[in-house]
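Provided herewith is a single structure, encoded as structure tokens, for subsequent inquiry.
Chain IDs A, B, C, D, E and F follow the sequence of writing; residue 1 opens each chain.
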Amino acid sequence: MRENRNNDEIRKVIITNDYLMHPDGSVLIEMGNTKVICTAMVENKVPHFLKGSGRGWVTAEYSMLPGSTNSRKIRGVSKGKLDGRSMEIQRLIGRSMRSVVDLEKLGEHTIWIDCDVIQADGGTRTAAITGAYVAMIMAMKVLVEAGQIPEVPVKGYVAAISVGKVGDLILMDLQYSEDSSAIVDMNVIMTDQGQFIEIQGTGEERPFSKKELDEMLTLAEKGIRELIEMQRKIIEG
Amino acid sequence: MRENRNNDEIRKVIITNDYLMHPDGSVLIEMGNTKVICTAMVENKVPHFLKGSGRGWVTAEYSMLPGSTNSRKIRGVSKGKLDGRSMEIQRLIGRSMRSVVDLEKLGEHTIWIDCDVIQADGGTRTAAITGAYVAMIMAMKVLVEAGQIPEVPVKGYVAAISVGKVGDLILMDLQYSEDSSAIVDMNVIMTDQGQFIEIQGTGEERPFSKKELDEMLTLAEKGIRELIEMQRKIIEG
Amino acid sequence: MRENRNNDEIRKVIITNDYLMHPDGSVLIEMGNTKVICTAMVENKVPHFLKGSGRGWVTAEYSMLPGSTNSRKIRGVSKGKLDGRSMEIQRLIGRSMRSVVDLEKLGEHTIWIDCDVIQADGGTRTAAITGAYVAMIMAMKVLVEAGQIPEVPVKGYVAAISVGKVGDLILMDLQYSEDSSAIVDMNVIMTDQGQFIEIQGTGEERPFSKKELDEMLTLAEKGIRELIEMQRKIIEG
Amino acid sequence: MRENRNNDEIRKVIITNDYLMHPDGSVLIEMGNTKVICTAMVENKVPHFLKGSGRGWVTAEYSMLPGSTNSRKIRGVSKGKLDGRSMEIQRLIGRSMRSVVDLEKLGEHTIWIDCDVIQADGGTRTAAITGAYVAMIMAMKVLVEAGQIPEVPVKGYVAAISVGKVGDLILMDLQYSEDSSAIVDMNVIMTDQGQFIEIQGTGEERPFSKKELDEMLTLAEKGIRELIEMQRKIIEG
Amino acid sequence: MRENRNNDEIRKVIITNDYLMHPDGSVLIEMGNTKVICTAMVENKVPHFLKGSGRGWVTAEYSMLPGSTNSRKIRGVSKGKLDGRSMEIQRLIGRSMRSVVDLEKLGEHTIWIDCDVIQADGGTRTAAITGAYVAMIMAMKVLVEAGQIPEVPVKGYVAAISVGKVGDLILMDLQYSEDSSAIVDMNVIMTDQGQFIEIQGTGEERPFSKKELDEMLTLAEKGIRELIEMQRKIIEG
Amino acid sequence: MRENRNNDEIRKVIITNDYLMHPDGSVLIEMGNTKVICTAMVENKVPHFLKGSGRGWVTAEYSMLPGSTNSRKIRGVSKGKLDGRSMEIQRLIGRSMRSVVDLEKLGEHTIWIDCDVIQADGGTRTAAITGAYVAMIMAMKVLVEAGQIPEVPVKGYVAAISVGKVGDLILMDLQYSEDSSAIVDMNVIMTDQGQFIEIQGTGEERPFSKKELDEMLTLAEKGIRELIEMQRKIIEG
């Protein structure tokens, strides 16, 4: 049915660790033609509302390069504001990371996650989450090595995948040509325990049934387990 | 358990139709202490990307009055930009309305939906969707009466409710005191056919299981059926 | 001449006190079809230029809901800035309130006044001032009850009314249909002692004479005395 | 009482016509140490709301140079927005000019008035109005000479002066040291027929009585008559 | 003296052509550790001031990823405006490209050049110019192949290099550690004919003499000839 | 060849010192029809990055009045941002001033330089630099007189001139009619020792040769020596 892969198959994933020289954590994640640079940089202070609390913070920003899409993506700074879609996505990335971080144990540090899409072919937000997790852990390891925190303060792994209904088929990891004709589009973020951190499902062309939802969630779990396996290999070295 | 209502019960709902004199459609929706003014105003032109297409558009804006919350909510115009949460919500309202509108049949009109929260006590986005639907239909009726379109161009009803897990309990229609201590928070938008338009679930305090998801969705359906019944009474008069 | 009222008569005024649950002071003021929500919220700090001075501050913001006017009012945040008219009005409301407040006795508190127009039919700025005064006093009473200040720190009452010349007639409290055809438009803000806090008169269609000015001011005083009587009943309870 | 002048005396006024080489009309107006450059430039189109109406428009902008005041005035562009005071003033200048212009006879031209304060010592807004009138007439004369309009389309002269109450005295044309200690501050804009275009009076320190108002208006008329005499000499050449 | 290279030697340069799938032209240029993605995308319209002129336009934008520098670079959109340095650089890139393009022959197309710094280690603006030239030519070739223009409308090659004085030495192609301690810093942009398109020299620590200027320009010419040779190999490929 | 002056001659220069009453230093510099007000105001604090360093700062802003150019120059505040050209120029002015200031000896003061173009006829940036230097020195003298610093903390004089190639001629101090048809345009900033602080040369119409560069630099030096002589007369009184 699909070009080169089965309906329940994720695209070829390559996670290049230590991609840049300056950030504490940096990866290039490629899922098929989708390519996202994810970096994690530590700042030794926290937002105003956490000062003196002993707790840390993780925040994320997401952006697409102008040349990452087919028709040139106008920069946020040129429009004078972040577009709504990017804001939604960066809030989602931040929540996803924080959901597995023990902010108490992080101490009063802020981890800035930046996800910059170099090339977009569908699934940039889920690729960003999967890559950002690796970059974040690498930055935390630097903090541990520097003796600033005793251990990497996370409760588990987190990865994300998109699934959807295209025509009559439930498809894994939609590329752009599929995503743009999807009837239902769903992003699932999950832990290594198979539990949901966030699910967002939208009936793009028509509403969807409980049965369809269940099928999509089952498929998503399969993909996420595979992604977490890849994360584990890099992180555990 | 809860004050004054059962765990699976929605708060007292009052939808005051024709609330304001100027807009074509306007309602005040009250769900317990949450109060939202929803208006629908028609503009006889469409956004640039639809010009000449013969299709219409529905767009939504959401805002909270400074006095609607416990500590004063700073206006967007004072910060120079819309906050991320409001942007997410207004995009959600817009998508929800468009999902049941036949934009071809609407013709080249734009319906502006405005949801202004007068008083917030949890569930403002779902109240906004439920109220906005009524305001939108009323504005469409004005177009029909004016002979601009032959019939109200919608495929069905849409309403929304929040459900969540607080402690060990699955609760319907969370008020603020419940929402702020929820472990899982879920917003469900559904048609009168019991199908999903959008679901968004977030593990605020911990990830959640498939079983918890299923329980929340079942409860949400019950609430939405009740809300659609109220909408129907007003709309069918 | 006019529909339902004499030339020197104000519209039906309803001031609903304690309109919202969160702010310390909140009223809905209705003058005919003009409806404005006025809230007063106390912040336990003062602007930079007053820090350590022992003096308090009162500041105001004014806005119109998109659905409050006949053609949809675009939000300030969408245009990226406050429009000139709103800025003028909120500066006027702030000055009017401060003119009767003993800022020394208020101590280092800021009272935020918000006037949000729900429905506009002329005279929104004067209605806002009259309503804001009541909300402000209510918020001050909360401070007194909390033992933060010994007494309500005001020197007197303040209310406002618009008067104008329409055709050959001097009219009290112009509604929109009158205001838009007025030759001269005047806003008068006055104390319970019959003294002026601020007067602003503009020859919209032609300049105006000293005689016309005197007639308008006399009429305004009559209206303001009636409004202050209503304020007094609510405040003295 | 005052340094160098009587209480009912205006400061030394110098209006230098044709001050700059590029604008159609340009004057430097000096009232004592207050110095304002006023220019008028014609654009051969009108704002959107007047297109095709055959009517013209006059609009004004007002700004203070950073070095015009004692402590450096931060530029609007650095703050990202026009301050409220400047916005009020430029709206006032625009209204004042339009009040004496026959916009029908102006045809579809826009006259841009710019008032830039080079040095501020009180009364900048009234000086700006008095100077802007001369610049505007000069620009209109250029239009007449170019055969674009048959005659200068104005109904009369307009000038402005500030008056106020300082201590027990009613003073004409307040300089900064007086203005900053004024109890009542009033700006009056008047025609050569002695009629009001706009009056704005504010009780800065205390409310003011009808008697005080009358005294201030009488004094203002005297000053404005003198200013219009100076305008006339320049314009009639 | 320097690590791994002579004073008159440029760093290792790698230009990866056709780096991204969407833009018509795209290269990754690496000069040592400095890495910049340069893309060129064609739009079939021109800025307002060129409409109907038959002439085309080339414009450029420059940005640094947050993770490209040692301490995180805050995004322009977060600060609400482009920083002055980036604006200077993107204007320089645009001028440099336009200087060798025959805008008449380009016809009414706009070429958007985007230079996004992935990793910064000195010389990002000159690397951007050298890379942007290749991307631009590739995009022009696509226009030629599509039959939209008869030939690649350029007059010659353009490349850029930085040179500077560090201590007593004149150095070629400064990396960050050298650039930050430079006494004089100079950016030179040159054609394949050895003529200057733009020179910018700044005495960072002290003014510089004519003799020093001459030495730097001679060195720059050597580096630029080498870079143009590399461009030629790719383009004539 | 040129109207009224030789090719190597600067326009008539008038520097009016002490032009405004409020700033510590203020000059009006006129170079032919180009007129710029330059002011220098001292603030007793420094930017964040210098706090506690014992060092001072000099920063500059540049702007053109709307009426300074032939077609009205739209204000930065109206466009919501500073245009790229103004930003480049004000950064250049700031660097030029700082290059001759001993920031250690200045102590923790910031000198704000403002250059506001009243009338533009070419060479505004170089006139601004030449004028700003005088204003800055005057402000420093006030600091010395007030006993805040022991001596004027500068290392020498700085002035600037534009030179360029128009047709076959190398011209000094281009006025607008020349500048707009220049093939090469160069701004040179120099000390009284004849050394370069900054040079910026741009081939507007075609690249330029080393020989042309040398001729322009020689000419620039002549002009700058004359300007520094004028500065010296004013400063040394």
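Throughout what follows, a residue touches a chain if its C-beta (ideal position, glycine included) is under 8 Å from a C-beta of that chain, and two chains touch if they have at least 3 such contacts.
Because the structure is a prediction, the values reported are computed rather than measured.
Peer 1: Which number of steps is the smallest that gets you from chain B over to chain E via touching chains?
Peer 2: Between chain B and chain E, the shortest chain-hopping route counts 2.
Peer 1: Regarding the chain B and chain C pair, does the interface count as same (over half of residue numbers shared) or different (under half shared)?
Peer 2: same
Peer 1: Tell me, please, which of C-D, D-F or B-C gives a repeat of the A-B interface, judged by over half of the contact pairs matching in residue number.
Peer 2: C-D
Peer 1: So the centre of each chain is just the mean of its C-alpha atoms; given that, what is the distance between chain B and chain F in Å?
Peer 2: 59
Peer 1: Cα centroid separation between chain A and chain E, in whole Å?
Peer 2: 33
Peer 1: Need the CA-centroid distance for the pair chain D / chain E, whole Å please.
Peer 2: Computed value for the inter-centroid distance: 51 Å.
Peer 1: I need the residues of chain D touching at least two other chains; which ones are they?
Peer 2: Correct list: 80-82.
Peer 1: Which category does the touching pattern between chains fall into here: line, ring, star, complete, or other?
Peer 2: ring
Peer 1: Reading around the ring from chain E and passing chain F first, what chain order results?
Peer 2: E, F, D, C, B, A
Peer 1: Can you name the residues of chain C that touch chain D in the complex?
Peer 2: It is residues 81-82, 84-85, 87-88, 91, 95, 99, 190-191, 193, 195-203, 206-210, 213, 217 of chain C that touch chain D.
Peer 1: What does chain B use to touch chain C in their complex?
Peer 2: 20-23, 26, 33, 37, 39, 41, 43, 61, 63, 65-70, 72, 75-78, 80-82, 112, 114, 116, 118-121
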